[in-house]
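Read through the structure below, which is laid out as structure tokens, and then see the notes.
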Amino acid sequence: MSGPRATRATGITAWWHAIRRDRKASIGATLIAGFVLVGIVGPWLVGAPDALVGVPLQSPSGAHWLGTNGQGQDVLAQLVVGTRVSLAIGFAVGLAVVLIGALVGVTAGYFGGRVDALLSVIFNVFLVLPGLPLAIVIAAYLPSGPLTLGFVLVVTGWAWNARVLRSQALALRRRDFVAAAVVAGESPFNIITREILPNMMSLLVAQVIGSTVYAIGAQVGLEFLGLGDVSAFTWGTNLYWSQNDSALLTGAWWTFVPTGLCVALVGFGLTLLNSGFDEITNPRLQMERAWRAHLAARGRTPTRSTPVVRDRD
Amino acid sequence: MIAAAPPPPWARLAFALAALGAVACARDVPRAPAGVLVVSQEQQASWIRNFNPLTTATSARWPTLAGIYEPLYVFNSQRSEYVPWLAVGHAWTEGNLVLQLTTRDSVLWSDGRPFDARDVAFTFDLLKRHPALDRRGLWGFLSAVDAVDERTVAFRFQRVFIPGFDEIVAQQIVPRHVWSTVADPVAFANENPVATGPFTEVRVFQNQVYELGRNPRYWRPGEPHFDAIRCPAYPSNDRANLALVFGEADWAGNFIPAVDRVFVGRNPEHHRYWFPLTGSSIFLYANTRRAPFDDVRVRKAFSMAIDRTLMVDVALHHYSRPADATGLSDAYAAWRDSAAVAAGDWVRHDPAAAGRLLDAAGLVRGADGMRRLPDGKPLRYEVLSVAGWSDWVRAAQVIARDLQSLGVDATVRTYDFSAWFQRVQEGNFDLTLGWSFEGPTPYSFYRWLMASATVSPVGVAAMGNWHRYGSPAADRGLAAFEREADPTKQRALCVELQRVFVSEAPAIPLYPNPSWAEYNTSRFDGFPAADHPYADPSPNKFDRGELLLVLTTLTPR
Amino acid sequence: MPYILQRLGFYVFAAWAALTLNFFLPRLMPGDPATALFARFRGRLAPEAMLALRETFGLTDAPLLVQYVTYLGHVLRGDFGISIAYFPSPVSQVIGTGLVWTVFLAGTALIVSFAIGTLLGAVAAWQRRGWLDTWLPSTLVFIGAFPYFWLAMLALYVLGFTLRWFPLGHAYGDDLTPGFTFTFLADVVRHAALPIGTVVLATLGGWLLSMRNTMIAVLGSDYVNLARAKGLPPSQVMLRYAARNALLPSVTGFGMALGFVLGGSLLTEIVFSYPGQGYLLVQAVRNQDYPLMQGIFLVITLAVLGANWLVDLALLWLDPRTRESS
């Protein structure tokens, strides 16, 4: 595989260029940027989400672009305000989950031995416990609200990251530059923060993105079950109310289709971004890209064969 | 780029499978056999076999309380009268301290053994020995229940308490020869009920459907007119409504939004509904232990600020009407006093008059337009509601909006039921929505609204009277009512109670809840309707046996 | 053998952890089942009934440790206590009514999705940049990004409610008696088509991508190139050489996916009013029916742990390296 030094050299600008070069990644990035923008400025552009603006269950019209819901509130306003909250929780949980995962995983991978055995057992246990039922059970006992939701999602989501990051740390631990640092007498804290974590940067980013997808999906699911704060405005509670107000029966598709699309678009965007990253950072796919460019420059089409990459180490 | 490859073999296989699947899925409408009434009342994911009519009411499958087992008298809330059922007559003796009930002759239990007065005495004795079964708190006023002979039961009271009659006669009666051998009647699932009701034979019991066949020995000749009741398990309101709309269910008691379009519109000939306003009344309770809600002018002013017409539109899809100042629902139509209603001008939407009342109470507007208490504190209140109860949340939003235009800084605050209930019970609130307490007469309704005996100190959980209002005038009226057995005199006393309520405004009535009933007349005839109001139409009315009136009237087409 | 025993030990430990979590969680939080039961009546119950309810559900005041030991003992005997909402039925009876349907739904969905997804992934990798590889992965990933229950709602609305091609819910027709008859089994398939279909659709993308990506890596390896160079028929190279080896990561992921698919199918069950554990669990939460909630969680957890162990056994058989290490 490619040397860690190679990824280490990539800075933010390099990422930026890489994203722009890759079609998938740029579509994903555009989608996410659009949603983040809506989440940040949108709530100021729409009316209050809880205002009673008209007759319940009006279909979309000029006055209410996405119609009104079963309570006579503007669906668009709720969607936009929900975007802010849902994305905020999603990204916060995604970040928290990876931080905790990195802490546990890297500690286990770096120190090895008993520490590794103990931590591994813990995250493996969390990994085999079914996530959604566990989340439901924990959420049931806590007062409903974004904090509870975040907590529940972190509890059920961190273990996967710990596992992935542990094996990465284990691999890096055997590398020369880490060994050199150990020999040089650097403290484990310094080695982890200065040598190991920076070398896992692309993996960490990928994990954050993946965890955010998980967090948004799980959050929407839990809120749909009424386990969130049902008086708040998030994508999940919008769907909960849509179901509660018999959207299917009344044919009020506008109360649940746009929200579901938004969830899917964000998830899709993040996944594209991630697979784009993968193409950028995965050496095999990099080689393939170069090979195709090389062939294209000579006016040929590539065959189905896949170029082989040799480890540079 | 390479040319698109032809679809590989697996794709052809997939298409073939899909085609096969499509054939297997011919369209159909599941229809129950003729004479089987399909009802959706309880909403559960799967059924648990339990026909115990004495434990907590939610555990037993519908209609255990009124269909399998039966009470002594059935209360008809539409006609406001008692229909003799397992008892045929009653008399008060010994200065109204003893109630004698005469039981019906010729009633057989479904296993063929005769029913008599000893079964009744046994049932009440069971409640005494197992307080967990005493849902109505009967032994709070009873001192002894004895079978005098085979047809007479004597109920001895601790004190004269006429409203106790309502609770006694609503009790479901169980057979002594079966229940005397049950070790723990509280935890008894009673899987094969022996009862007196019209439907006693459990024919099918699966996790997603059960069926109850008619009682071959039912005491009402020729009844029931149909063969069986079938109850499919629908986990949610939404799912139950789908079944109703597609004609899978014949009778249900659900909330349906836009019922005319969604339900009636699909089959105007047979899809019917009737939502009589006989449910419990919804109130805005103001904590009268906190200033300024101890001032009747403030309570009335808040009431006049509320646009109840908008509220019933927004919160209840027009299914209800604004409450009058007596707070009584249509279940008490016969008791309602028109003079008291007319005197209650404080439920009319009149923001200007509301403002004048607050001014008079010393709560004047400041420079910012918001009103302040005499000590300068702004009027800032939360209107409490229960999270997820959408009608209440919407009603609270209307209230908050209207109070804001009155110069009161009101906001809606929703809590989970437990958290809300705890606050309300302990009196830890300013304004909250809440229900009323119902009975055959307005006695318990007004008792829990304004009897001093029901007032708990703030901080101590109160079963009712959360707003903590005690009225000496009401106490006198209620005490007189407890001792009055004559219906005409009861009516006069009730008028007095209404007058007290209207003048003191202990709580702010908002709207009466409808009793939900939707039915499909393509397979069955004889549902109660607005033009044939022989009983409450809702399958939800099982507590006092009213359901039996419908089950014994319905006929298959 | 030691490997399999070691895994078994781990699952027993995980089960104990779940049990302990299950025991302490509810006891750390405030809450009163009688109140919750009262809520469902919204005033249709006399205030006095509240006292009777509390009487019925008297919770013990024994020391926590004593309660814990009693609890463990009971669970080992399969006794999860008495359900509050379905009083007086034992939790095991309530769970028993729907367990088989949840297992059927989640299991079938997982297997179907795994089989189709893996096959498509192998084909996509083999025909790299063919029409399949160009469109299918992104389409499926896009579909997979929708919440399961949302797809289920849409499928129910379009295929069930509007077109009436499929039943609107339940596991079989209300007129049928369960049994191994053709009519009954055909009806079960008909009722399961939409719930399983939506779960499969939502999870297909994951299997496809996982298989495709490993397969691409495997296809670049020397032994596959050698097989090709030897002039073996392409189908043989694809299935015998590449796919079999590329399957390993997917099989490893199978155990992990089980818990995930189970969660998704719980949500789907709710939409289709399928008589499984999904709605039971949600209702238990809403009614604060702690014993039932814990029971369902435990049973689901044990099922997932058991399935994981089976996957370990399968891996042992598939992967010679595991065999050697043990």
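We call the chains A, B and C, going by the order they appear; numbering starts again at 1 in every chain.
The rule we apply is simple: contacts are C-beta pairs under 8 Å (C-beta built on N, C-alpha and C of every residue); 3 or more make two chains touch, one makes a residue touch a chain.
All of these numbers come straight from a predicted model, not from anything done at the bench.
**Q** Name the chain whose C-alpha centroid is most distant from the C-alpha centroid of subunit A.
**A** Farthest by centroid: B.
**Q** Taking the mean of each chain's Cα atoms, which chain ends up nearest the overall Cα mean?
**A** Smallest centre-to-centre distance to the global C-alpha mean: chain C.
**Q** Could you state the distance in Å from the CA-based centre of subunit A to that of subunit B?
**A** Chain centres of subunit A and subunit B, defined by C-alpha means, are spaced 47 Å apart.
**Q** Return the distance between the CA-based centres of subunit A and subunit C, expressed in whole Å.
**A** Computed from C-alpha means, the inter-chain centre distance equals 22 Å.
**Q** Need the CA-centroid distance for the pair subunit B / subunit C, whole Å please.
**A** Comparing mean C-alpha positions, subunit C is 38 Å from subunit B.
**Q** Scan subunit A for residues touching two or more other chains and write them down.
**A** Where subunit A meets two or more other chains at a single residue, that happens at 226, 243, 248, 304.
**Q** What are the residues of subunit C that contact at least two other chains?
**A** 31, 127, 129, 161, 270, 288
**Q** Which residues of subunit B are in contact with two or more other chains?
**A** 1-2, 236, 242
**Q** Which residues, counting only subunit B, touch subunit C once they are in their complex?
**A** So the residues of subunit B in touch with subunit C come to 1-2, 4-5, 8, 10, 21-22, 24-25, 27-30, 32-33, 44-50, 52, 55-59, 131-137, 140, 167, 186-189, 204, 206-209, 230, 232-236, 239, 242-243, 246, 248, 280, 386, 389, 417-418, 421-422, 434-438, 444, 448, 463-464, 540, 543.
**Q** Within the complex, which stretch of subunit A touches subunit C?
**A** Residues of subunit A touching subunit C: 121, 124-125, 127-134, 136-142, 213, 217, 220-221, 224-227, 239, 243, 247-248, 253, 256-257, 260, 263-268, 271-272, 284, 302, 304, 306-309.
**Q** Of all residues in subunit C, which touch subunit B in the complex?
**A** Listed in rising order, the residues of subunit C that touch subunit B are 31-32, 35-53, 55-56, 82-83, 85-89, 93-94, 97-98, 119, 123, 127, 129-132, 161, 163-175, 177-178, 186, 189-190, 193, 270, 273, 275-276, 278-280, 283, 288.
**Q** Can you list the subunit C residues touching subunit A in their complex?
**A** Contacts found on subunit C: 10-11, 13-14, 17-18, 22, 25-26, 28-29, 31, 126-129, 138, 141-150, 153-154, 156-157, 161, 216-217, 219-221, 225, 255-256, 258-260, 262-264, 266-267, 270, 281-282, 285-286, 288, 293-294, 296-297, 300-301, 304-305, 308.
**Q** Please give the residue numbers of subunit A that touch subunit B in the complex, ascending.
**A** Those residues of subunit A that touch subunit B are 50, 52, 56-57, 70-72, 143-144, 226, 229-231, 241, 243-246, 248-250, 301, 304.
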